[in-house]
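What follows is chain A paired twice: with chain B in the first complex and chain C in the second.
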Partner chain A sequence: MSNRSDIAVEVVDLGKKYGAVNALNAVSFSIESGQYYALLGPSGGGKTTLLRLIGGFIQPTAGQVFLHGQDVSHLPPNKRPTSMVFQSYALFPHMNVARNVAYGLKLRKVPRNEINDKVDWMLSMVGLEGYNARMPHELSGGQQQRVQLARSLVLDADILLLDEPLAALDAKLRKDMCLELKRIQEKVGITFIHVTHNQEEALTVADRIAIIADGDLIEQGSARDIYETPQKRFTAEFIGDNNLVDGIVAGASGERVTVDLDYAKVEVAAPGATAAAGDAVSFSVRSELLRVIDPAQADNGAWQAVPATYLETIYLGLTTSHLMRLPDGREIVARVMSDEPADTSLEAGQPVTVGWQTDRARLHVS
Partner chain B sequence: MYDNFANPWTIRLKWAYLLTVVLALLSPVMYTVYISFNEHGFGARIYDFTFDWYRIVLGDKLLVASLEWTLYLAVTAVAITIPMALLSAKFYKRSRRKVAFVALMLSPLFVPADIMGSSLLVFFKNLAGAFTWLGETLGVGWFEGWFDLGFLTAMIGQIIYTHPYAFIVILITMSRYRGQQTEAARACGATAWQAFWQVEFPQIRVGVLSSCAFVTILSFNEAVRTGLLKGGFDTFSNVLVAQMLNIGMSGESYAMAGIMSIVSVVVIGSILVITLLRSEHLSRKARAMAEPMMSS
Partner chain C sequence: MGENGIQKWVFYIPVIFFVLFFAAPIVLTIVFSFFERTQFWMEPGFTLFAYENFFTSARAENYVFSMLHSAAAVVVSFIIGFPIAVFVRRRVAKAAQHRVILLFILPFMISELVRVFAMRPVLGRNGVVNNFLIDIGIINEPITVILFSPLGVVIGDVMSFLPFMIFAGFLAMEAVQNYVFEVCDDLGAGPVSLFGDIIVPLAAPGIFAGSVFIFVNSMGVALVPTLLGGPGAVNAGLIANQAIVALDFPLAMAISTIMILTLVLLLYIGHRLFDLTKVLEPIS
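Moving on to the complex of A and B:
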């Protein structure tokens, strides 16, 4: 385990089994103090299980949880320096807003005046000043979520766990609340661990993102790294709008490998990747980096190109997608801003060349 | 909910049917209460309203003593059955085999009262014998009379009888409760008990109080099991049944039946009214919460 004081959360080989089902497989990672950390992944992947293990709501089958260096693996939630915001609001319906927010402070026997001051301050922090006497059912979904946030933050816990906190909100409110959460986290400066299956939400709020799927920690990194340079094929499939192409390594030189696609050979940047000739690999290129190009553009090595057949144009408002098919039958998408000048001569069935800047594709060996 | 195409007469017919059934079920009880206020008793051609029969009942030391015993039995049954039913309902929510759990909990309901009573009677007789033998073998008098028929055995019979009802009533209320609120309380620093008492209990209080009332009424109404297991004391129902069997229905009997009917109807009616009001309140809350959550 780490003894560094700036580590808020460290999990070591943490696992959870439900009968024969492995919900979490020996996951290890650490989170620095004051970081906004997102656990992102598909539903049923184990991210909520991981969060609940950190919060002490379930006991691990294997491994340990350290909070600020202290092993809390077998402590109940009320003995841990964590607080939690739930997806389904979980406000106490028989208590008004002020009593909900004050609940934890009363348990700690904080003097009444201090409780009132803290509750007022926290409600103003979440933009709900004057709502003290309202009952939970008199609030909108977003307001209820803010009350939950206030109830958790008022406890001055070092670590706040958020389990899909925005999942029940409409799209506009979700976007607003994302920014609000980020603002509040920066203001209070504590560690936030936010579970979500929504990549846009994770990219908006998180300093670092961990991709969790099938009970495994697939990959973690900064939001930009995860989006722009995914190391694992799964991450590339899950985050962003990536085109994935399979091939065989034909050769490697320096930080690049040549991938044989049968119908073309392309060079792919592979910093740090170990791929030998004959290895089956894949690479990804985000749809916004693909373009229909002139074949001559790829002659100098700065661009890679493959032949394709044009299928159709799909207008999506802000962007327009151009759908094409590679010779092996795989469909790929090139996405451009709708207000960019477009080549209107493209027709369904027309042969085209699709290209991308060489250093923008990412090689995946797993 | 009815659609716009439903024939209004179908709805009226359904209500008429429902009211007829309820009246048919309640009319003998209402008639008994009616007779209990007649100075001349059952079968008289004239009806003179009086409270005399009730005065006689409440002035009879044997009857008042039986009322006291019934009350002790009811209070003890409530004190023991309700926590047990509450625990059972909580275990049920955690149980993975819910159907088997419910079947087990409700099984005492499917055993006829006389069979249950006589089985317990035999069981307690044997148990008392076993305890006596144990005491004699060990040479101590401490085990003597533990399961001789009396208040303890009658109370055990009462608990076995009332537990399924209390369990069901509490479970229905508890089904509305979301476990995440307990987790939220724990996350705020509450112990398991504090989370239960401060967050969960206020939300299931109506069910628990209804169960208390229900168990009390069942204790007053029960005659067969108690009759077999009570030993040397009499409950109100036992006295009433004995009177009816031995001397037939007197004005006193009608008044006793009237007391039990009125108390039962008032208590159960109150529970129904409170439950309906609460249900309406909760559904209004649910409707409010179900409205689309718009940006604020």
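Moving on to the complex of A and C:
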């Protein structure tokens, strides 16, 4: 049993239906106190629904939400130890920065001089010292989101909910704000739950990531686990730049299974996986781990190889992608650093052998 | 070319229309107010007699009362009409909002004369209101203060011009983004704080616009006090009307000029407070 007080958020069989449509199916998971947790997934997958259920903006049709061990499933947002940062620049347009940040404190009847001190402190925390008198329309998008952040943090909520907070910012600013969010979270030490559809954003900010799609929690893990060893086929497809290959299990021996691809048989590491002969499975290899190799290289069992037809080279700046086609028609990509010495003799239509180190492929049974 | 010429005229026509039928009459009104009165018309000259006549008679007093009645109509319209606007914006499904607001346009489609006149059997001595109150035993004698009285005029003004407050209020509320309400939920703003700190300030330009419409009409439309007013229960429009009936045209023009100045002053104050250019632009 984990200590309940260390668990900031626990969600049990939480579900939300809109009429006959399931926005969220019985999802269960928990988040430790002080974690930066990202809910990552495609649009319409239910991640915002999940966040809003945790915040109390919508009511669940099934299941419960516990915050610090207390059942808050049917409490309104202001009765929960959460605070929300919205996707749009959700500032009060008629109040200046200081009044926006102060408003929640004013509602709590905090003495005026205490409010002023807290507002100043929080504005310096988000890097907006001296912006007190600015109006929202005088601020850039990034600055407006900082003010929103300050407005939420100043209330001493210990779970901050961020609903696509950076979606409206341009790419460069989003990157900077990611690091800024991470820095602020580490400084204040409270739990952040951050909804995003941008994997780079999630990987940058989060300690742990949950993949949410089609109303289900697909899988969760540390940012590194999710990127390097995704368990589910969906995760491998969604995160990173993975090559997915489907086949049938031909046999299992120890920690490895043999997957029959019709045009080749390959061995895939399967630690603890329950795949029996005849099962339809897939495996994935990150594009940066795929190489055009000499067929002889695969002979010792450390490498696996399949035949392919070379299609084209795509220069992407930092990396160069080599596009190839497998015999079953699926396209795969091998990505190498552009300044790596490369075989420039590859031509479109040329038969090649594509390989990867055996332990780099990840088996997905679902 | 020809089409260019036509396009040009399409834009000039309203300009000409407004110069001819709005600007010119206003200028003439002001000019005529300084003319000398004759027995049946007036003759060119410059005299402040009409203004002197206005300010030294009971008319000035009535004019001030008219402003007070109109202000009362504005306040009552705000109390009744603005919550309707807020309610429709907040509680009615998005797709149905405009239809619900349309319901409040329908009374406008009935002639104002008919609408206002139809209130007499309701408000009168033996009217619906009095009979009801006597029947349920709240009063013994009919109340006479609700018809042919300042109160009757205020009720009539509210009935006639309430839709202005609902429209303007709804348009202003429509421009208030949904997130504003969610943030307030999150911060724990109760209904009073939400209304006073957030909704009214954000809708202020719209509320002011609706208020000006109601105030100006309550001041100027002579029909309401003609049908529902009585001794001392007149408005500026009716005072000017009476001057015309008495063939004192410079006086009627002077009263109109004073009304125009009152309105301009009001708009100036409103503009300084709320920046009226924002009335038609969504708050961002």
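Convention: the second predicted complex is superposed on the first by the 363 of 366 C-alpha atoms of A that agree within 3 Å, B and C clash if a C-alpha of one lies under 4 Å from a C-alpha of the other, contacts with A are read in each partner's own complex, and residues count from 1 in each chain.
The rule is simple: a residue touches a chain if its C-beta (ideal position, glycine included) is under 8 Å from a C-beta of that chain, and two chains touch if they have at least 3 such contacts.
All values derive from a computational prediction rather than experimental measurement.
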If chain A is used to align the two complexes, do chain B and chain C fit next to each other or clash?
clash
Examine A:84 and indicate which partner it touches, taking first as chain B and second as chain C; both and neither are also allowed.
both
So, does A:109 touch the first partner chain B, the second partner chain C, both, or neither?
neither
With both complexes superposed on chain A, which partner does A:173 reach: first (chain B), second (chain C), both or neither?
first
Chain A contact check, chain B vs chain C, more residues touched by chain B
Just to be sure I read the superposition right, which of the two partners does A:143 touch: chain B = first, chain C = second, or both, or neither?
first
Quick check on my understanding: which residues of chain A belong to both its chain B contact set and its chain C contact set?
55, 57, 76-78, 83-84, 86, 88, 90, 92-94, 103-104, 107-108, 137, 151-152, 155
State the interface residues of chain C toward chain A in the complex, per the touch definition above.
177, 179-180, 182-183, 185-190, 193, 197-198, 201-202, 283-284
Residue positions on chain A within touch of chain B in the complex are 55, 57, 76-78, 82-84, 86, 88, 90-94, 103-104, 107-108, 137-138, 140-143, 148, 151-152, 155, 161, 168-170, 172-173, 176
Report the residues of chain A in contact with chain C in the complex, numbered from low to high.
55, 57, 76-79, 83-84, 86, 88, 90, 92-94, 103-104, 107-108, 137, 151-152, 155
Of all residues in chain B, those that touch chain A in their complex:
178, 180-181, 183-192, 194, 198-199, 202-203, 285, 288-289, 292-296
